[in-house]
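Read from first to last, the chains carry the letters A, B, C and D; within each, the first residue is number 1.
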Amino acid sequence: MSKGRMEAFSDGVIAIIITIMVLELRVPEGSGLTALKPLLPVFLSYVLSFVILGIYWNNHHHLLQAAQQVNGRILWANLHLLFWLSLTPFVTGWMGENRFAAGPVALYGAVLWFAAFAYFLLSRALVAHHGHDSALASALGPNVKGRVSLVFYTIAIPLSLVNSWAAFAMYVLVAAMWFVPDRRIERTLAP
Amino acid sequence: MSKGRMEAFSDGVIAIIITIMVLELRVPEGSGLTALKPLLPVFLSYVLSFVILGIYWNNHHHLLQAAQQVNGRILWANLHLLFWLSLTPFVTGWMGENRFAAGPVALYGAVLWFAAFAYFLLSRALVAHHGHDSALASALGPNVKGRVSLVFYTIAIPLSLVNSWAAFAMYVLVAAMWFVPDRRIERTLAP
Amino acid sequence: MSKGRMEAFSDGVIAIIITIMVLELRVPEGSGLTALKPLLPVFLSYVLSFVILGIYWNNHHHLLQAAQQVNGRILWANLHLLFWLSLTPFVTGWMGENRFAAGPVALYGAVLWFAAFAYFLLSRALVAHHGHDSALASALGPNVKGRVSLVFYTIAIPLSLVNSWAAFAMYVLVAAMWFVPDRRIERTLAP
Amino acid sequence: MSKGRMEAFSDGVIAIIITIMVLELRVPEGSGLTALKPLLPVFLSYVLSFVILGIYWNNHHHLLQAAQQVNGRILWANLHLLFWLSLTPFVTGWMGENRFAAGPVALYGAVLWFAAFAYFLLSRALVAHHGHDSALASALGPNVKGRVSLVFYTIAIPLSLVNSWAAFAMYVLVAAMWFVPDRRIERTLAP
């Protein structure tokens, strides 16, 4: 089964998620620049989610470039990832509108945790299909970044109930760590 | 006529439907986790609809992979399917916001019934174009799953007026039955 | 310049328009089936607009299949068409929510008029680029249907101020006339 | 790394932005044509933003046609551009609903400024990757239009606080200047 249509569908879904998120930035009543002030936390959430979705798209792009074909399990692992990503606009809006209150920051982290886990499952499904000695498997390697992300999110979720800004800082840290696209794959695939 | 653009258009529409559905999950007022409680039925509806749309995309993918070309009738059969799928966000929101009340659950089932019927018509249009002795026709076979789905929905719609949870359970059952992508086609097309 | 990306962009825009239109079908308050009654005119508008956009996509598909390449003028003629189509969700919602009152039905017709005219300009830009003796030009022929549509809309717009249902019937008639994809092109391109 | 998926993703995001912008045109209460009058400034903003996004899509199309491949830096420069473009629906709605008041017109200009700057960075990232003596670099040339746009926006933003219509006229002027797709590239790539 060819991977082209799965790539196209994923691109479509991620493109829509990244774009409809801006609908949470509701047009304010007044026309003064002060009318924008209450939107600042929503904007900040939006920027973080935009970067995180950009990272997912970027890494997804790299991951599938290393893949040769897909099967039913991979299609569903991919839809599972898209499911968690599709919840981003909701948690982004909730976190922003409540100015980074404990509960919303925890839920935001939970959605990130599940998305990171779903990405991990997708990588595993791809490795299972291509073989543990495939170029894709050796390109992914021990997947340190993926494991570190999950550990960080696992710490940040309870932390958010104590200090939500510290949790938010951890989300930013994970995003910063992934900002560079997955060099492992680029390096291994290079001729 | 090539099938590429019809696939791309269908992917686009399904990707948008699956994603804008999340807009029915309205950001709640409070910041406590209790503020999320009234959203649970909407979330549950969302999960079911996400899975059902995932199944449609998956099977649509398989179905068109077996197809060689499309004609005007197939294009319209496809648009007819997309029409019913496009009503999913509306019925999902209505069912969730009314906590699985009888009327909305019945209407949800009716939309699923029409979508399943439209998928059946699309398969028939494809078989008519490719011939009853084509790889596509033998791959589809007697289409037991498609017929069972229609029977289940036909039972579930009146049932929902008596016991809406039993009807909901039947929708879940049909989804579970389709969860695995259409092995018939994969098997027949395999070299 | 290749036509691929223009096709993909148009498909994307039409897919989004056809899908976000369903957001005008607002989830009603009650759970009884009577709660749906006020939505009927919105639903009816939605069905007509869905069919009309399906026709545009279909004919656009055929038109560009006959085209070999595009230039700057064609790209802008295409964006001009997409602009008028993008207003469909707005006029569909306005017409439905006002139960086919005179003003909204007239405006709906005006948007259809401009879309039909934009499609006509796009055809002309394509013919100008491919030459009047090209396969595309002879495939389009005298473009009777396109001219008839414009005449019908020109009559329907003032008519809607007198009898909005008669105008609506004319919109349905034009859609019925176009329902079949453009046989002229299919016939000419057939081997 | 191939450029195909980056083009597809960009097309998707721009198609969604250009289309969801129409959701800012809220369906009015009354059915008389006078009910549309307060929507005129929103419509005017919509037209300008539609044209500007059309120009970006058009030039992006041309720019990437001249490119051979992309790397991580280019992917991020592209996402950076899409970020600023994604804010267009918000500032378009704010500007329209406040009938071109000073603050919203200034913010609209600021988003245009950042989008223009992001486009400039994307061009530079592409030139850096393809080499200063590449076809792409010589096709872009001294990029006079890009620089003029930035200068115009830089003047228009403070100007809007004095006379918002003059600033708006400058935005229209920049759009008019770009209306014609980038002939430089078309000319250089021509055989």
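We take it that a contact is a pair of C-beta atoms (placed from the backbone, for glycine too) under 8 Å apart; a residue touches a chain by one contact, two chains touch by 3 or more.
Quantities reported herein were computed from a predicted structural model and do not represent experimental measurements.
Under the contact definition, subunit A and subunit B share no contacting chain. Homomeric contact subunit A/subunit D: same residue numbering on both sides for under half of the interface positions. A centroid comparison over C-alpha atoms places A as the chain most distant from subunit C. Rounded to a multiple of 5, the C-alpha superposition of subunit C onto subunit D involves a rotation of 90 degrees.
Centroid to centroid, with C-alpha atoms defining each point, subunit A and subunit D lie 26 Å apart. Centre-to-centre spacing of subunit B and subunit D amounts to 37 Å, using the average Cα coordinate of each chain. Shared interface positions of subunit B, defined as residues touching 2 or more other chains, are 8, 12, 16, 20, 23. Chains touching one another, given as pairs, are A-B, A-D, B-C, C-D.
Interface of subunit A with subunit B (complex): residues 1-2, 5-6, 8-9, 12-13, 16-17, 20, 23-24, 72, 75-76, 79, 82-83, 86-87, 89-90, 93-94, 97-98, 101-104, 106-107.
By the touch criterion stated above, subunit D contacts subunit C in their complex at residues 7-8, 11-12, 14-16, 18-20, 22-23, 25, 27-28, 31-33, 35-36, 47, 50, 54, 57-58, 61, 65, 179-181, 186.
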